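Structures given as structure tokens follow.
Common to both upcoming complexes is chain A, partnered first by chain B, then by chain C.
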Partner chain A sequence: MVSTAIRRPSSRRSSTTRISSFFYRSIIALIAIVAGAPIIVATLALFVDTGDIWQHLLVHVLPEALKNTAWLVAMVAILTAILGVSLAWLVSVYEFGGRRFFNWALLLPMAMPAYVMAFAYSSLFEFTGPVQTFWRDILGNPFDFPDIGARWASIATLSLVLYPYVFLIVRGAFASQGLRSLEVAQSCGLSPIRGFVRVSLPMARPFIIAGVALAVMESLADFGTVKTFNYTTFTTAIYQAWYGLFSLNAALQLSLVLIAIIFVALVLERYLRGEAMYTSSGTHAVRGRIRLSRRYAWFASGFCGAVLLVAFLVPAALIVQWSAATFTGEFDQRYWQFAANSLMLATLAATLITVVALILAYAVRRDDGRFAALQARIATLGYAIPGTVLAVGFFVPVAALSRAMNDYFGWHGGETIALQGGLLVILLAYLSRYLAVAHSPVESALSRIKPGIEEASRGLGVSGLGMLRKVHMPILSPALITAALLVFVDIMKELPITLMTRPFGWDTLAVRIFQLTTEGEWQRAALPAVAIVLVGLLPIYLLNRQNENA
Partner chain B sequence: MLELRSVSHRYGQTDTLTKVSLKLNSGGIGCVLGPSGCGKTTLLRCVAGFESLSEGEVSVGGRTMASRHIHVPAEARHIGMVFQDYALLPHLTCLENVLFGLHKLPREIAMSTAEDVLEKVELSAYRSRYPHELSGGQQQRVAIARALAPKPALLLMDEPFSNIDASMRSELGGQLKELLSALGTTALVATHDHQDAFALADSVGVMREGYVVQWDTAYNIYHRPVDRFVAGFVGRGVWLPGRMLSETEVEIEIGVATGIVTSEFSIDTEVDLFLRPDDVVHDDASSLQAKVLKRRFSGSEFLYELELPSGARLLSSVPSHHNHAIGESIGIKLETDHMVLFAREPTNGPSG
Partner chain C sequence: MNTKLIVVACLLFLCAACGKNEDDSESANVATPVVVYSARAEQLIKPIFDAYTAATGVPIRYVTDSEQPLIQKLKAEGATTSADLLLTVDAGNLWYAADQDVLRPTYSEILDANIPLHLRDPDNAWFAMSVRARTIVYDTRLLKADDLLGYADLADEKWRGKLCLRTSAKVYNQSLVAMLISELGERETEIIVRGWVANLATEVFSNDTKLIQAIEAGQCQVGIVNTYYFGRLQKENADIPVAIYWPSAKTGGVHVNVSGAGVTRHAKNPDGAKALLEWMSQEAAQKLLGGDNMEYPANPAITPHPMVEGWGTFEASAMNVAQAGFYQADAVKLMDRAGYR
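This part shows the complex of A and B:
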């Protein structure tokens, strides 16, 4: 009965299918073009002759940026792997004092933008800072205070902020197969240590690589940290080309090199990860953990505690203390303006991006499924591309477009700002970078609405808008809120896109921190930093709650 | 070969095993049988060395492996383990999985041993496949081959048939038994299915809430259960109240049941008789009639649930050519060769 009622005449069906299929594919294609625009623009810039500037870059900037980026990426990869894997192993396989606390607290560094930690430690260790003052005045300067330099400062900061990516992903793998893998090794006559090396690590390898790849992508994209330490990488070179040399084409050409590096990194990741994420051949996770002896338990708690202290507690305490100290001077009308700008931009972008993510997911669902495999790739296209590249990559075409419109309509002056200096560039760049963040919760919620559910509700007489309201929205709304929230927090923290493409007068909290830290006013940057870190705690709370439910 | 003396284990505040004792001779196959959560997996893990005992002693081949003060690490016990989910290493091929336990042997010897074992479980053709490319039954055989390759003194298997299709179980059970006896391996198997246990084991231990209630031959577990729990766990049936007429005769509501009894009761003792479906036989000529309440067809036979005029219920398995509709009355008679009897509990009535 039901099936005959909803069956349409076959001829009509095929024509509507064709039209709607074209419609949905156009939407998907449009989103893909927007998300990938910077890559196309950067590629086109290859054919523009920038003459002397390119020569200058080739000799003075490129070799250093290449070398520095290589150091940064390689060391961050190694350090995040060591920290992330060892911490994940401890909290998922052993029982020791504070394990449950460390299980979530070790994610806290995710709440701290790397540039905040960078300026907090810069301030702590600078020549006139408390540590060096103590060193000279109290200890009497036993030998010159060691200077680790911009390179190692950048590496250490990024490793401490980014290890949670590895920790989070690998912890999931160890929780489901860690103890079991040890037992298999033992039943085959291997000691626990050899079992860890020969069984647990190889089994977790795809997860480790996935986590390290995220950390590598983030450190390639980092702008604020390396800028704070004056460490020249591609992102700062791109910024410099645009804002120092005023050459957009040079910035684009540098971007293209960076895109090429990212492409290589992505290919390498896929190759190293192998065919698939291993899942254990069964679903029976071993319950319980190995109880450590007193001495090792102290070691485990001490190690976790030390990482947490250095990666979160110390910088957090510093910025809280400084913001209290500078509160009366800093907290004024202008501060509210920065906060309002941040909130406004983040809300606007979060709404836009969540809606686009929903449209993309719907379009792919309505299409006959051939695009399903491409969907994730389209959505994540921009996520791998650093903000500096996106900023340049969207500014150039939008500026060209508005110039063309000026010529065509005979406008001068003021009107150009509508496009070039307006919100268009910044929102497009945000969209490209954070579509992936919103897409993944939306897509997974939508995939839970199986065709059977839609068919069943049609059978019960609910269709069209009624279905949207009674079936889709209740299932999707938590995911939409999560998606919007995640994007919101990311944009609150975002620096390079906001810095380079914000409309005139739209200084945000992040931009304010950048301005103050470039002037060396570390302590005054603490108050906006506290606000950003507090907002950043939200997704960690969500993540932990999700983990408990799982 | 394997001996457990009064083994206890605690998990936090809960007693997971209490004073478990059992003994397995060299080459024997033992089964611990019980509902989920009864402690059978914990028992295996105590023997394997993944759990420590709170009391008692585990010895293998005369050597003490665990007691209150001794805990030989799992990797030094030389005990093979087949995990419930097989726990094959997903990044290694079939052959590499088997080689994994042979890391102490020189390469060539390890190789020929592994090939040999794979031959025995009939998987030589699949040596280069990865676990996810194998069927459930093949994965199980790889897991068994991996555990057997180092020639362990004892093989432990946790629910070996839980991931196997029902239709394949009995066949695989038979193959496994042949393989183990051909190799002369001593094995202890945990299962919740009494048919698997009976098919495989020389000795069966029925477990309940951390206790081994009865450790005996499969035959005795079935025909001479020590208590109502064991009787009920190893096969369906109903309890009927009765009275001893003689040492081998019980009078119940539908007549007199005769047969070998589990334990001796004096005449006139009030007892409960456990009647299994095969104790109640269909007989058109019988004057004793019962009404069909439910029926389940399993191909070769029907399992009828019958109601007596008194309201008491019986189960009867009947060859499938006796096709009777629900509501129909059919003639039945008792055919009890072995009678499972327990004294009537003074307060509680019969339960089943």
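This part shows the complex of A and C:
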């Protein structure tokens, strides 16, 4: 691939192009097949007759579920966009008290599993919780305590947990835009606010979309939060079809509807974006931030502090208190093993998935065909499928493959594939769910590299994967770090795939939470939850420092 | 820097792949281990497995997950499965596992003697190990046991605004309604469920503990819960102003559900699995199974936890618990129609 000779464009290009395009297409197809396996399984389920289940769901369940899901997704999209973009803008462009702290601390809510936050807040504010008890017993119930209801409770919880996706990705965009574009805007007579609206915001669009798309897909697939608040959504309908009506096929069919909606939305967004290019201004050095006047600085610190308080400090304080109360009964030596397993799986998966996402995004950019882009889309849709459905959708073909291999080679050891493959099965299953999480920031960062840079390096004789390594990687490294961090914290919290595909002895901290919560032992489950947050904190802090210095 | 990263990643993958070999050598010398897929939470089964290994020397390897994923996993693995025994909660899931043919019949005099007929599969595919009673709890400050009559009575107008229920998405309620369908038929059951919904004091709860706490806080006066959730709260506060009511046999008896186990269709060690099942039906394990979580032993010869005994005796519905699985889908649809969320 890498040719150091200066070549004339006419003589060798055609054959090289053909070989390299075959090479890239094979890579894309391989990734799409592995990561898209659950979607293929769901598509096959379309041909299975599921009796009168659809009829029933259409009449009694889906009207409400669809309405609720539309509310959830729309509001989470709006709120995560507002929170994520405004916070990212503040910490990237202005200087105010506590900015350096907020720069990484505002990522913390990401480390907390959404279902934990949901439970913490519902315990705090429900009728029997401390707030309402205080309201009735001490304040004498001046008027009935306002009930925000399941809808807004779910929306608020998911928005608070998911805004860091937008914050992290968009912050990277603002950083790489530099203040240069804003300076240009100001020199044209625009105020910082108008410069933000007219220049920076449009330039950050692919990043905002990337972050919001992740938040939307995650909330579509969410089961833990909506279950805690008893909010009927499309996902609860999927679980009802499977667990209640015993029809996995109906659940798979419903999941396919879910991803079809996402697919259309993403294609539509791409179409609306048109041919616009979002290349960067070329400078990465932040020249120095705008120092805010005293009053505005207080406002900025106050806003960041308030978000951090609600999205992290309050629920964290609650689970710390619970885990202190249950520590002696709950903590034992095995916790070190749980934490080590979590750390190992999250690190391995974050590495693997980021590398695959980079290869995929790069291959699609090089291939430039419609079909390649389509396959990349399919490979990254798994994120919107409810976790347990995806776990089964991935496990079924893998187990079938292993059965076939056993028959073919005449093995009769009788070991399940989850054991035969070591950690390979679980890591590939993670890949099929979280590829989108890594792909999103990498792809949007890649879209900002000018084609001119590639042409120039090709002129210097650097091409193919060599170009990826020498030219793209240095520019992309902040996005790669973002991608790895997002995947890492997601896998720390992951449950259904870990449960289904882990080999014996690979119980993680999240698995421990599952054991306790299935029996309603929420207070005891606070200890592993705190541990997840602590382990997730470390890479957030470290990688953020690196990002800051980069 | 990037090359280094890739090398490290490759090494880690190799590590991951060889992890499996260590396991193999470890278990070669002693008795063949029994491999269990368990939907019963780890903290509730590990003490039993540890006791079994201590008593017999047979090691047990287990992996936990929810009921449906485990059953689908068994189906997908087919003959390549490692699992010898499936342990799960809720009769509906046990019925479904038998229906999907992932279990094999087990014939054992010990199990026949220890586990009553209505607590096991008609074809011996699974056996109950513990019994969970889903009954009525009430506020002792406002009500007496005489005020209550049974599940159907909670649909009566006199309970308007006084009833608390857990979500219909929970399998315990699906089983309860399924049993009502099998006893009373769909029409009558739907009238009852509609009555319940009309009587609700507030939105349905996401778990039983919160429901009992709501009664304690005065949000409602009666509710339907599994007794061990009440037991846990009573353990923390002996003076809790909530008590258990047992519906009489005249009104159909108390609805019970089970946790149970069956030997898998493709078990590699079916004898080991059967021996474990038999051991679990006997006193030592039955005490542990009921005791820790304050459930009822499936073996009627074993007395439950003293606190559980203090709640008095009850007459369980005589229906085979497998009916809960047979009617579960109907029950779910019925609750949707009746507007029970």
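Operating definition for what follows: the second predicted complex is superposed on the first by the 305 of 550 C-alpha atoms of A that agree within 3 Å, B and C clash if a C-alpha of one lies under 4 Å from a C-alpha of the other, contacts with A are read in each partner's own complex, and residues count from 1 in each chain.
The working rule: a contact is a pair of C-beta atoms (placed from the backbone, for glycine too) under 8 Å apart; a residue touches a chain by one contact, two chains touch by 3 or more.
Quick caveat: nothing in here was measured; it's all calculated off a predicted structure.
Visitor: Scan A:Phe312 for contacts with chain B and chain C and give back first, second, both or neither.
Guide: In the superposed model, A:Phe312 contacts neither chain B nor chain C.
Visitor: I'd like to know which partner A:Tyr24 touches here: chain B for first, chain C for second, both or neither.
Guide: neither
Visitor: In the overlay, answer first, second, both or neither for which of chain B and chain C A:Gly288 touches.
Guide: first
Visitor: In the overlaid three-chain picture, which partner chain does A:Gln186 touch, first (chain B) or second (chain C), both, or neither?
Guide: Touch partner of A:Gln186: chain B, not chain C.
Visitor: Contact-wise, after the overlay, does A:Gly422 reach chain B, chain C, both or neither (first, second, both, neither)?
Guide: The second partner, chain C, only.
Visitor: With the two complexes superposed on chain A, say which partner A:Pro503 touches: chain B (first), chain C (second), both, or neither.
Guide: A:Pro503 contacts chain C only, not chain B.
Visitor: Which holds for A:Phe223: it touches chain B only (first), chain C only (second), both, or neither?
Guide: neither
Visitor: More residues of chain A are touched by which partner: chain B or chain C?
Guide: Higher number of touched chain A residues: C.
Visitor: Would you mind listing the overlap between the chain B footprint and the chain C footprint on chain A?
Guide: none
Visitor: Residues of chain C touching chain A in their complex?
Guide: For chain C paired with chain A, touching residues are 2, 5-6, 9, 12-13, 16-20, 23, 41-44, 61-69, 72-73, 76-83, 96, 167, 169, 171, 174, 202-210, 213-214, 216-217, 219, 229, 266, 268, 293, 328-329, 332-333, 336-337, 341.
Visitor: Which residues, counting only chain A, touch chain B once they are in their complex?
Guide: Chain A reaches chain B through residues 180-181, 183-192, 195, 199, 202-203, 205, 274, 278-284, 288.
Visitor: Under the stated contact criterion, what part of chain A meets chain C in this complex?
Guide: Against chain C, the touching part of chain A is residues 56, 60-61, 122, 126-128, 133, 150, 227-230, 232, 236, 239-240, 242-246, 248, 347-348, 351-352, 355, 388, 391-392, 395-396, 399-400, 402-403, 406, 414-417, 419-420, 422-424, 427, 469, 473, 496, 499-500, 502-505, 507, 511, 514-516, 518-521.
Visitor: Help me check something: in the complex, which residues belonging to chain B touch chain A?
Guide: Against chain A, the touching part of chain B is residues 11, 48-50, 73-76, 78-81, 83-91, 100-101, 103-104, 131-132, 139, 146-147, 150, 163.
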